[in-house]
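Just so it is clear, A, B and C label the chains in written order, and each chain counts residues from 1 on its own.
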Amino acid sequence: MTSFALRRGLMALPVLIGVSLLVFVMARVIPGDPVLIATGLERAHPEELARAAQRLGLDRPLPVQYADYLGRLVRGDLGVSLRHQRPVVDLILDRLPATLELAGVAFVLSLGLGVPLGVISAVRRGGPYDYLAVLVSVGGMSVPAFWLGLLLILIFSLNLGWFPASARGGPLAEAAWAIFSGGGIRPLLRSLSHLVLPSIALAAPAVGLIARMTRSGMLDVLGEDYILGARSRGLPERSVIYRHALKNALIPVVTVSGLFLGRLFGGAVILETVFAWPGIGRLAVLAVGRRDYAVIGGAALMVAFGFVLVNAAVDLMYAALDPRIRYG
Amino acid sequence: MDRIKTWVGHLRNDRRAALGLILLIALLVGAVGAPILSPHSPNDFFDGVRETPGTEGHPLGTDSVGRDLVTRLLYGARVSLLVGLGATILAAFVGFAVGAIAGYWGGWVDRGLMVVVEVFLSFPAILLAVALVAFMGPGLSSVVLALGAVGWTDFARLVRGEVLALKEREFVAAARAAGAGDLRLIVRHLLPHLAGPMVVMGSFALASAVLSEAALSFLGLGVSPPTPSWGSMLADGRGLMRVSPHLTWIPGLAITLAVLGFNLLGDGLRDFLDPRTRY
Amino acid sequence: MSFRKCSALILVAVMIIALVAVGCGGEAGPSEGGRLVVGNNSDVASLDPHMATDLYTIRVCDQIFDTLVRLDFDGNYVGSLAESWSVSGDGTVWEFDLRDDVVYHDGESFDASDVIFTFERILDPELESPRRNELGLVEDMRVGDDGEADLIITLREPNGAFLSTLLTVYVVPEHLVGDLGDKPRGSGPFVLEEWVPEERIVLSAFDDYWGDRPLLDELVFRPIPEVSTRVVELETGGIHLMDEVPGEDLERLEALDEIRVTSAVGSNYSVMGLNTAREPFDDPNVRKAIAYAIDRERLVEVVYPGTAVAADGPLPPSSWAYDEDFSGPGYDLERALGFMENSSVPDGFSAELLISEGERMERGAVLIQSMLEEIGIEVEVVTQEWGTFLQSLIARDYDMLRVAWTTDPEPDALMYSLMHSSSEALNFTGLSSPDVDSLLDRARAESDVEERAALYREVQSIAVEEATMIYLLHENHVAASADSVHDFRPHLTGAFYFQNTLGAGTWMEVD
């Protein structure tokens, strides 16, 4: 098992190097001068621009820049943001918790809705409940994210006044801790109330994907011999479905958690803007607009690293769960 | 032909897929028939801006600069379909090539290509698309290329997996014994077996491409004006949701229904081909 | 969900609120207290005021730091850290008398050496401040001896626009410069309490401010990039003040009792630039044809309803050099066609119109496209993402482009770099007029405001006649606030001022 984990870890290395190369090339080929964008047209001055560019090392040959970049990456140095005049690591660490929190809640939400919907539609295959479950779940993944976000704000913030329209209501973990440390339940309620709308909007497409995976997983498993066996032994249908079938049907759902993470990030980029959520997705897209190379690289690497990490964890978990996977 | 007949039979039993198909036929009719069905030209300007639906001469009203909305909607169907199909075909083509080569040759080729796939897969897709569009300049072809560039990895993984399984099968050995070369073997013998799963995945990819086009429009990187695309119509109307809600409801619903159509059709096709497969 | 129903609900809500308000009655006067939350388009980039370039960063820096002079709401220079100033007859020596009652947020006193330190910091090439170039005109500065003014600045050459460069020179003393990255402090009306990136900046009133203490106890800036979200936050009480209100929403918001809309004519102009290095834009007839073919009123009405005014020339109505009697080329299709007929391309031609991304840019572009079609010009709209767009502009890689120019109302800042032939980087249309050059140079060297205004008006006439830039419109700064906020109005530069040193201090009804 340990050697499998090691090998799995080693596999991630070339991927991360590849990502660093891709992000480096990508950032450099986009036209647009970061210094000019930062200075603004009204204050631009050609001499200053050339001088600043030289200082930033932007006029050196690309391979030299990349080698330099990689060298600093290995030492854990992601560089300094041109726009914010701060180390990229700090910028990311400031914003990462907000994105993780939003994505985490959305993930839980999409599992909580997607799995039951998938089960219903598998167990009642072809029946009206199947159709309804499919329409709900597929409907959720068919609405453009930013429109859904704005509609939620109009309905639930403006008209009903149930939830705040934007911003983060304080870190969720801290708010939860407050209950135990005597801060009462209000911080938690506040934090959650701010999370409701963005996490629903973010979860909407994932619900459909999870429901779809669960449904086909269930259909797959329900046809297996051991389920037929359990049924023939007269076990109650409820127990067959939930104790035997669902457990196995969920394995494939787990294996795509990494993919979900990627998709959630894509949604976060849009929804963090709509909901003024102080996360890393917005940071990354703004950085592309401003040609803030260090930030683009840092954010992309961070997301890729998260993706690789989750995938590796899933593989290990899968190997642990499923005896058919060989460790060799 | 027989396959199609059985499929039509299957549709009768699968009302989800039937609904999907109806939505897509409507989309196709709108796209193809746009010049005939439209009351105006998509770039005709009228004096009344943001007219509400039901205004005389403008069944769905006019947009933020006074163009007929139903006309823009119909022509927009073409653009959205074009973007979706273009991006999907591009993704499927690249994905098939990479997946088939990796799966067929295996070994170092496979490992190397899979690292590339992993790199693209773990790279935040939206950042890649944004960067590509910034690089090429917003426009129809940039959007197609950008969405193709982020979509091909799914196809590559699918094809590789299928090829790995197929190449052990007898018919491959038989074809090889009959003297078929590698390329011929892949295209003539493996591809037909892959068509089904690829069509299913293509249906889902189309759905996601139409949505991604809207997302790019939201970020200001969609097709260039005055090209009507549903994504750009939706993005244009989003600041006007309070005063002219129809400017978002109409393209928003159009996108939702089209994407729903592709998703439902994909689900139905997959159920029909093999209910047990998962994507 | 029917939106008619929603608006009916809102209407009922409004009526109830209005009734309650009437019930409470009584007009209260300005009072101290309250927490005002501002919804900004974007977070600040950093709080080092000498690195600030964007409006939102400057807006926050204006609260924490102070400058020698500020602009009042009518665009006149008023003293801030400087009590008074004078300029020598040749326009090179500027003398400032400084306030002696100014203290920083840490209690230390302000003096002339802090101004000199600030200048030196900005001029230090290591810092790479975007202001460095502007201050390059300073030859010498020194603390005045007894009997002299407090601060004496000598310029390399006479410059009547010098005060304009001081507007963003935020004074930071040497003993506070080390804190800029961490907890920036200055001598401004508000003290920074907390900055949570992308979430909020919290400021509190500075009790020892040299002017009256601000009436607001607390001032909060929240970044909310999406304008629809910002409007909802305003309506639901999440924020009390926002700007960049969409013109289409104005009428609706103005009708609401709990919302107040205020606006100021901005100090900017939006143009369509024509690349004279390319055919057929080298032909003045083509350029004039375009100038007459654009219906500016229609453009404003459709794309910027209530948030812009049609332009006659580069000088906005907010500028002291503005000429009421001047009128630019109006919309006149006949004349436009006439110019086309006499041009090198009587049968029309096709060209690209380059714009940066954004809904209003796109809407404007398609309108211009349809207007130019009327005189036989087939326009292809090309959108570029902002960074790419800037690159194309600097490289003059375009046929026609749309861009807005925003500065303080100093005409030198508004016009010099775009129109002077020596300004290689930014004179992107390639305007080359010896008359314009000499007028701009003379106006820069002149200190008398009346003289300068006359010179800039002359520049305006020639620039409009040359028509390398088609002057389209001036955008307003439109702000909306909750009805509990009193005595606020946006500044013509887009800045937000809440202290009373520039006018009435903003205050809030506290319940």
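Simple rule for what comes next: a residue touches a chain if its C-beta (ideal position, glycine included) is under 8 Å from a C-beta of that chain, and two chains touch if they have at least 3 such contacts.
All of these numbers come straight from a predicted model, not from anything done at the bench.
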Draw the chains as points, connect those that touch, then say whether the picture is a line, ring, star, complete or other. complete
Any idea whether B-C or A-C has more C-beta pairs in contact? A-C
Using mean CA coordinates as chain centres, what's the chain A-chain B distance in Å? 22
Rounded to the nearest Å, the gap separating the Cα centres of chain B and chain C is 43
Between the Cα centroids of chain A and chain C the separation in whole angstrom comes to 38
Quick one: which residues in chain B touch 2 or more of the other chains? 134, 235, 238, 241-242
Counting only residues that touch at least two other chains, what does the list for chain C look like? 228, 385, 387-388
Interface hub residues of chain A, defined as touching at least two other chains: 30-32, 150, 154, 273, 289
Sites on chain B touched by chain C in the complex: 43, 45, 49-50, 64-66, 133-134, 137-139, 220-221, 224-226, 232, 235-236, 238-245
In their shared complex, at which residues does chain A touch chain C? 30-34, 36-48, 51-52, 55, 83-86, 91, 94-95, 98, 150-151, 153-155, 157-159, 161, 164-168, 273-276, 278-279, 282-283, 289-291
Given the complex with chain B, which residues does chain A contribute to the contact? 14-15, 18-19, 22-23, 26-27, 29-32, 126, 131, 134-135, 138-139, 141-147, 150, 154, 208, 212-213, 216-217, 219-220, 223, 252, 259, 262, 265-266, 269-270, 273, 281, 284-285, 288-289, 296, 299-300, 303-304, 307-308, 311
Give every residue of chain C touching chain B within the complex, in rising order. 3, 227-228, 231, 246, 248-249, 251-252, 302-303, 357-359, 362-363, 365-367, 369-370, 381-385, 387-388
Quick one: which bits of chain B touch chain A in the complex? Just the residue numbers, please. 13-16, 115-116, 118-128, 130-132, 134-135, 207, 211, 214-215, 218-219, 231, 234-235, 238, 241-242, 248, 252, 255-257, 259-260, 263-264, 267, 270, 275-278
